[in-house]
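Which chain is which? They are A, B, C and D, in the order written, and residues in each are numbered from 1.
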Amino acid sequence: MTSTFKIAEDLEESRPIVEAVKVTKVYTPDVVALQDVSFRINKGEVVFLTGMSGAGKTTLLKLIYCLEMPTKGLIEVNGRDLSKITSAGIQRLRQTIGVAYQDFRVLPKVTVFQNIAMAMEVLYKEPKEIKSRINELLDMLNLLEKRHTPAGKLSRGEQQRVAIARAAANKPQLLIADEPTGNLDKTISARVMELFKQLNESGTTVIIATHDETIFKDSKNMVLDLHHGQLSF
Amino acid sequence: MGQFGYIVKQAARNISHTWSTQLMTLLTVSLAVLIFSFFFLVYTNMLKAGARLDDDLRIIIYLENEIVPEMQKQMRKKIKDYGEVEKIVFISKQDAFERLSRQLGNDRDVLNDLGPSFLPPSIEVYPEKNLKTLTQIKEFSDFLATLPGASKVQYGHNWMERLGYFTKLLRIIVMLSGALLLLTTVFIVSYTIRLTVVARHEEIEILRLLGANNAYIQGPLFIEGFLQGFLGTSIGIFSLYLLYHWIKSRFSGPDILNIFEFSFFPPSITFLIICTGLILCSGGSLLSIRKYLRI
Amino acid sequence: MTSTFKIAEDLEESRPIVEAVKVTKVYTPDVVALQDVSFRINKGEVVFLTGMSGAGKTTLLKLIYCLEMPTKGLIEVNGRDLSKITSAGIQRLRQTIGVAYQDFRVLPKVTVFQNIAMAMEVLYKEPKEIKSRINELLDMLNLLEKRHTPAGKLSRGEQQRVAIARAAANKPQLLIADEPTGNLDKTISARVMELFKQLNESGTTVIIATHDETIFKDSKNMVLDLHHGQLSF
Amino acid sequence: MGQFGYIVKQAARNISHTWSTQLMTLLTVSLAVLIFSFFFLVYTNMLKAGARLDDDLRIIIYLENEIVPEMQKQMRKKIKDYGEVEKIVFISKQDAFERLSRQLGNDRDVLNDLGPSFLPPSIEVYPEKNLKTLTQIKEFSDFLATLPGASKVQYGHNWMERLGYFTKLLRIIVMLSGALLLLTTVFIVSYTIRLTVVARHEEIEILRLLGANNAYIQGPLFIEGFLQGFLGTSIGIFSLYLLYHWIKSRFSGPDILNIFEFSFFPPSITFLIICTGLILCSGGSLLSIRKYLRI
C-alpha cells in the first residue's frame, strides 16, 4: 500500500511532537519488536499506524508514552529526550497524553463514570467540569445509559468506548488510540472517528494504530506502515 | 479544591468502598498489636519478678553469740572493706524464731513448745548485684567465715538454683512463644500487604499511566495506613488493658500479686507502641506499592 | 441488511445442534440483553451472529455454553434442555464445544503451547497427539515461533490467535468464536477463516459473532442479526 | 495415560512451577502447627502439674500420742466409713522430724540441737478427688477432729490457695496466648487460602470453561494439599520435638523437672495432630475453590 504523506504546511504549528531516530526495541532475550524506526509527527496531525499483527505497533506506542524504553536510538516527545527523562518528567509527560489501550485497562469494579473521572481527577479538575465533560463524551459514544454500571459488566465494545472516552477526557495534546475499533461496529466506529476529528480540530495530535483499512484508506493523512518491526513508506 | 482536599476525598472514597477489607486489615493490626504487647507485657513482668528473686540472694553468717549493737558497727565496716555490699541485716535469736514460725505457716504449731533461744543469731549480707558468679560468692563467704564469732556461713545456693531454673524455664517458654508470635505477626502483616497490593495494583498502575504524581497515589494510601495504624494499635492496646484488668480483678484477694506484682506498661511505653504501629502501618502501605510507582 | 437464510438441505445431518425458543435474558436489575430470541442452527452449518456493540451477541453465546442461564424461554443444545442440565452435564457439554472468548481468557503466565494444551488435557488426550495438533494449529496461525513464550508477553493479536487455536484444538462438534478477528489484520483473518472452514468441512458447526461485515458479506451462510436484543431477519 | 496419571502429572507440574508459593505455604502450615502444638504441649503439661498439686491436698490430724500399728487399722476403718478417701498415711514423730528437716533444706542446721521428739505424730488423710469444695473439706476435718487422740486438725488451706492462684494465673496466661495463637493461625491459614485462590482462580475458571470435570480440577489440588498437610504438620511437630529436647537438655541437672515433669505428647496424640493437619489442608484446598466450581 502506498501511504499519503501530508507535510503539515496548512497546520498552525509545524513543530514535531514526536520524533524518532533509528529506534530499535528488543524484548529480552531476543524478540526484535522494532528495528531502526525513524519518523516525525508534527503537532496537530492525524497519523495512522498500521501493520500486521505482531508488527510492533503497540510497542512503538509504548515507547511514546514511556511504558517501555528503546534499546537503541533516540525518541523525543514534545522536544524532550525520553532517554533522559526523570520520574516526575514521565508524570508530566503522561498528563499531556491520552491513551486508549488495546487491552482497555479499565477497572472492572468501578463505574464507567468513575473510570473516566480518574483521568481528570489526576489533573485536579473541578468536579463540575468533570461531570459535564464525561456526560458529553458518553453521549457522543452512546454510553450515557451505562454511566453508573461497573465497567466489568459491560460488553467488550462498551468497555472499549470507555477506554476511548478516558483517553479523550482531558482534551490532551497527544491522543494515542491502539486498535480503537477492534470491537466496534461501523456506526459506533464512525462516532469514534468523529470524536477524534473534533479533538484534532481543537489542536490535538492523534495517533491511531489499526488494522482496519476502512478507517484510513480514504483519508489523506500520514500512514506509518510497519513490517516486522521496520517502517516501509 | 486543592491537591490536599483531593487526596483526603480520595482516601475517604477508598475507605467507604472497601470497608470490608479495611475492617479486616484493622482487625489484623489490632490482633498483631494485642499479641505482641501481650507477650511484651508478660515478658517485662517476668523480668521484674526475676529481678526481685535475684534480690533475695544473701549470705547468712550464723554466730555463736548475739552481737551487741556497739559491735555491729565494727562488723559492718569489716565486711564493707572486703567487698561491695548492698545491705547488712543483723538477726537476733528472737528475729530468727519469728521468721521460722512465719516460714512454717500453718505448721508453726510445732514450735509451740520451744522458746526463741534454740535458734542461733545471724548476720545476713546482701552482696552488690555485680557479684553474681558462684565463685565470687563462694570467695566472699569464705572471707565471712573468718569473722570473729562466726560459726557457719551459708548461702541459699540450692534454693537459688531451683528458683533460677524455674524462672529460666518460664522465660524460655515466654521467649519462644514471643518469637513464634513475632513470626506470625510478620507473616500476617506481609500477607495483608500482599492481599492489599493484589487488590490495588491494577488501580495504581492505571493511575501511573494517567500521569498521577506520587502525592496523588501515595497520599490516600498514607492516610489509610495512618488511620489503620492509629485505630488498630489503639484497639489492640486497649484490649490488652481490659484483659490486664480482668486478670488483675480475678486475683484481687490474696497476696499472690505481691509476689508476682503484675503491672501494666507505663504511659511512655504505651505511647511508644502506638507510635511504632503508626509508623509501621503508614510506612508499610507506602513501601508495599513502591514497585508499582516505577512504571 | 437482509440475511441469506440457508436451509441445510445439502448437509449430511440436518438435526439442530442449537435451538432457542423465545429466549429472554435480563441481567439484574434491569438490563434486557436478549428479548424473545428464537432460532435454530443445524449441525454442520456456519452461522454469523452480528449486531451493534451491546446488542447481545456475547450474551447469546454465553447461554449456549451454559455460562449464563436464560431468564425466560427454552434453549436446547444437542437436544439437551439446558434449563435441566446438571453440573456433570455442563462439563460434558463444554467438552464438545470450543469457545474463543472475546476477552481471550488466556493465562498470561503460561506458555502458548500450554495454554492450548490445557483444552486437550482436559479430555485426557495423549501427549503425542496434543503436540502434533498444537504444532499444526500454530503453524496455520503463524504462531509457531512463539510456542514457548508466556501468553502475557504476546501482542493482542497473537493472544487472540492463541484463544482461537485453543477453541479449535479438540476439533469440537460446535465451535463458537466471539469477535475472532477484532485484533487481526486481513491476512491473518483469512487464515483464521480458513481454519474455521477446514473444521466445518470435517463436521464442526461454527458460530461466529462479529461486527466485521467483510468476513460474511459474500458468503451464503446464515446470518443472525441482533438489534437491541432482538433478532431481525 | 489414565485419568489418575494425568492428575498426578498435573500436581507435579503445579508444584514445580509454583514452588516458591508452595514453600511459603508449607512454611506457614509448619509454623501454625508448631505454634498450636507448642501451646498444646505447654498446656497439657501445666494441667498435669496442676493435677499433681491438687494431689497434695491433704488433711493433717495431729495426735497426742503415737498410734500403735494395731490401732491404725481401726482408725483407717473409722475414717473410711465417714467419707471416700484416697490414701491415709500415719506419720510418727521420727517421720515428722525428717520431713521438717527436708523442708528446711539448707536451713536444717537449726534443728541440730533438737531431737525428733519435739514434733507431734500425725495422720495425713488424702480425700478423694471429688471432695473438692472447701466446705466439704471443712466438714470432713470437723469429723476428723472427733477421732480419739486427735489434738488438732489442719488442712493446707492457705498454701493451697496460694499455689492455686499461681497456677490459675499461669493457666489464664497460657490459655489467652493459646486463644490468640489460634486466632492468628486461623488468620494465616485463611490468608494463605485467599492468596492461593487469587493466584489460581483464573486457571480454575478456564478449566471449568474447557469442560474439565471435578476430579481433574480438584485432584491436583487435593494432592498438593495432602502433601503440604503431611510435610507441614510433620515439620511442625518435629521442630517442636527438637525444641522440647533442647529445653529438657538445658534442665538435665537438678530436680526441677521432677516438680514440673515436662513430657512430650504420646505417639497417639502426635498421630492425631498429623492427621488433623492432613485433613484440614487437603479439605481446605478443596473448599477454598468450591465457589469457582459452580461456574
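Following the convention adopted for this analysis, a residue touches a chain if its C-beta (ideal position, glycine included) is under 8 Å from a C-beta of that chain, and two chains touch if they have at least 3 such contacts.
Given the structure is predicted, the values throughout are model-derived calculations rather than measurements.
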Co-neighbours of subunit B and subunit A - touch as defined: none
Reaching subunit C from subunit B through chains that touch each other, fewest steps: 2
Whole-Å separation of chain centres (CA-atom averages), subunit A against subunit D: 68
Geometric centre distance via CA averages, subunit C-subunit A, whole Å: 30
Whole-Å gap between the CA centroids of subunit B and subunit D: 25
Rounded Å distance, subunit C centre to subunit D centre (Cα mean): 62
Subunit B, residues touching no fewer than two other chains: none
Pairwise touch network: line, ring, star, complete, or other: ring
Inter-chain touch pairs (all): A-B, A-C, B-D, C-D
In the complex with subunit C, residue positions of subunit A that touch it: 27, 31, 51-54, 57-58, 102-103, 149, 153-158, 160-161, 179, 182-188, 211, 213
Contact footprint of subunit C on subunit D as seen in their complex: 1-3, 6, 10, 202-203, 205-214, 216, 293-295
Sites on subunit B touched by subunit D in the complex: 28, 31, 34-35, 38-39, 42, 62, 96, 100, 105-107, 109-110, 113-114, 118-120, 152, 154, 156-159, 161-162, 165-166, 168-169, 172-173, 176-177, 180-181, 183-185, 187-188, 191-192, 194-195, 198, 243, 247, 250-251, 254-256, 259-260, 262
Of all residues in subunit A, those that touch subunit B in their complex: 65, 67, 87-88, 90-97, 99, 101, 105, 107, 118-119, 121-124, 126-127, 166
